[in-house]
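Structures for review follow.
After this come two complexes, each holding subunit A, first together with subunit B and then together with subunit C.
Let's look at the complex of A and B:
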């Protein structure tokens, strides 16, 4: 791969139907880099969980079950790659997420209470090297995921 | 997702095929709801045909486990690939579910 950064841009309607497509694109990219199979699987899962959270929690329009998504209900995925790492920015214009007060759940207690919400972010935080959330002044949420290539 | 169901002695063996993500998991949940209505007490879920599972897939299996537990049933899992095993470990579910390497071992565990 060239030493300069490569940028891949993907925009999908807020609909779970497209999760498989997103996973295919992300895994194919990661496979062209020097990631282990284990790390490719982790990146794939983290991106899926992040997009699922957007569809389920950030956007609430009933229209989201249509292939078009609701009005302005799109998810933008920008992937920046270089030989050292992959950065995946996942953006939406839905509800703000209170990332600061999110605490990694006690999974065993969650399990007993049959509350499994929050498991997605728990997986993202465990599987990616860096996870940051930002909300811009014009209402765009961006979750930034970074995974470095182990040498 | 696709589902195959067969009976081995008195154990119901469910073979799942396909990706278990938040798009496909509701279909799996509906499928299991039908089986649980029958009050089946011994179920093995074979994940050999599942190459990918997300937290939505885990949630579906957790739900089946808990519902069966309530009526005195028991669920055993088998056929996980390395990635799926890793996800179960990260979510600390490997200590809660009864997990076996193969379907035969999972079925045999019911009679031991």
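Let's look at the complex of A and C:
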């Protein structure tokens, strides 16, 4: 079946418990498009890492396993698809992320020192074609991930 | 996520089952780390063949365990990574750091000194 244009909207509480659900939605969608199995796995992982970063760092919740998820503890995932690419916007109202100063780490050196912060973002940048971060004036962080379908 | 522990002679096999994401890592963290921290633990084989998915949280947990084992001079080997998981560990440089074998037999040979 041909991929049609579409917008899919998902809102989850900021909780690790829901990561599996997000991955299922994203992979189901990517499988309907013309992505290779490898690219589907990359998109799945990038979205997981982005949501995990929000849960761990943007919202440093003390009640990790609670199902609070109030209006200030939500992650919004907007997926826009067309036959050429997938765009995934992941938004939260947590702490600002210093994306601009971020550099890809020397992973091997980091492992030896056990400083493994930034691994998630390293994976996201390696696995997606475009990655952009924006913080709006009203305090909404949005990470935009784009992956094109290879011809 | 769960881990299952099998004893075979002087080798301890730790079988991982489930998705090794932030949630899965939290499920097994305590049990796994107490096992790896225990200096009396024999050679450990980590069976990854039933892990279909792994994120950076799985990687971090693995590194914590490996550090613990190395600290008391223990031996370990991972085997059974599927294609998706292998790609992640290759991309993040983990294949250069971990002791990995392509089969259970080879993993056993690597841990038997």
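Here, the second predicted complex is superposed on the first by the 143 of 151 C-alpha atoms of A that agree within 3 Å, B and C clash if a C-alpha of one lies under 4 Å from a C-alpha of the other, contacts with A are read in each partner's own complex, and residues count from 1 in each chain.
One rule holds for everything that comes next: contacts are C-beta pairs under 8 Å (C-beta built on N, C-alpha and C of every residue); 3 or more make two chains touch, one makes a residue touch a chain.
Quick caveat, the model's predicted, so the values are computed rather than measured.
Novice: Should the superposition on subunit A be reported as showing a clash between subunit B and subunit C, or a fit?
Specialist: clash
Novice: Which holds for A:41: it touches subunit B only (first), subunit C only (second), both, or neither?
Specialist: After superposition on chain A, A:41 lies in contact with both partners, subunit B and subunit C.
Novice: Determine, under the contact definition given at the top, whether A:148 touches first (subunit B), second (subunit C), both, or neither.
Specialist: Neither subunit B nor subunit C is touched by A:148.
Novice: Is A:9 contacted by the first partner subunit B, the second partner subunit C, both or neither?
Specialist: In the superposition, A:9 contacts neither subunit B nor subunit C.
Novice: Could you look at A:126 and tell me whether it touches subunit B, subunit C, both or neither (first, second, both, neither)?
Specialist: In the superposed model, A:126 contacts both subunit B and subunit C.
Novice: Name the contact category of A:20: first (subunit B only), second (subunit C only), both, or neither.
Specialist: After superposing on A, A:20 lies in contact with both subunit B and subunit C.
Novice: Shared contact residues on subunit A, subunit B side and subunit C side combined as an intersection?
Specialist: 16-17, 19-20, 23, 38, 41-42, 44-45, 48-49, 52, 55-56, 107-108, 111, 114, 116, 119-120, 122-123, 126-127
Novice: Using the touch definition up top, name the residues of subunit C that touch subunit A in the complex.
Specialist: Residue list for subunit C touching subunit A: 19, 21-23, 26, 53, 55-57, 59-60, 63-64, 67, 84, 87-88, 91-94, 96-97.
Novice: Help me check something: in the complex, which residues belonging to subunit A touch subunit C?
Specialist: 16-17, 19-20, 23, 38, 41-42, 44-45, 48-49, 52, 55-56, 64, 107-108, 111-112, 114, 116, 119-120, 122-123, 126-127
Novice: Using the touch definition up top, name the residues of subunit A that touch subunit B in the complex.
Specialist: Going by the criterion above, the answer is residues 16-17, 19-20, 23, 37-38, 41-42, 44-45, 48-49, 52, 55-56, 107-108, 111, 114, 116, 119-120, 122-123, 126-127.
Novice: In their complex, what parts of subunit B are in touch with subunit A?
Specialist: Listed in rising order, the residues of subunit B that touch subunit A are 19, 21-23, 52, 54-56, 58-59, 62-63, 66, 82-83, 86-87, 90-93, 96.
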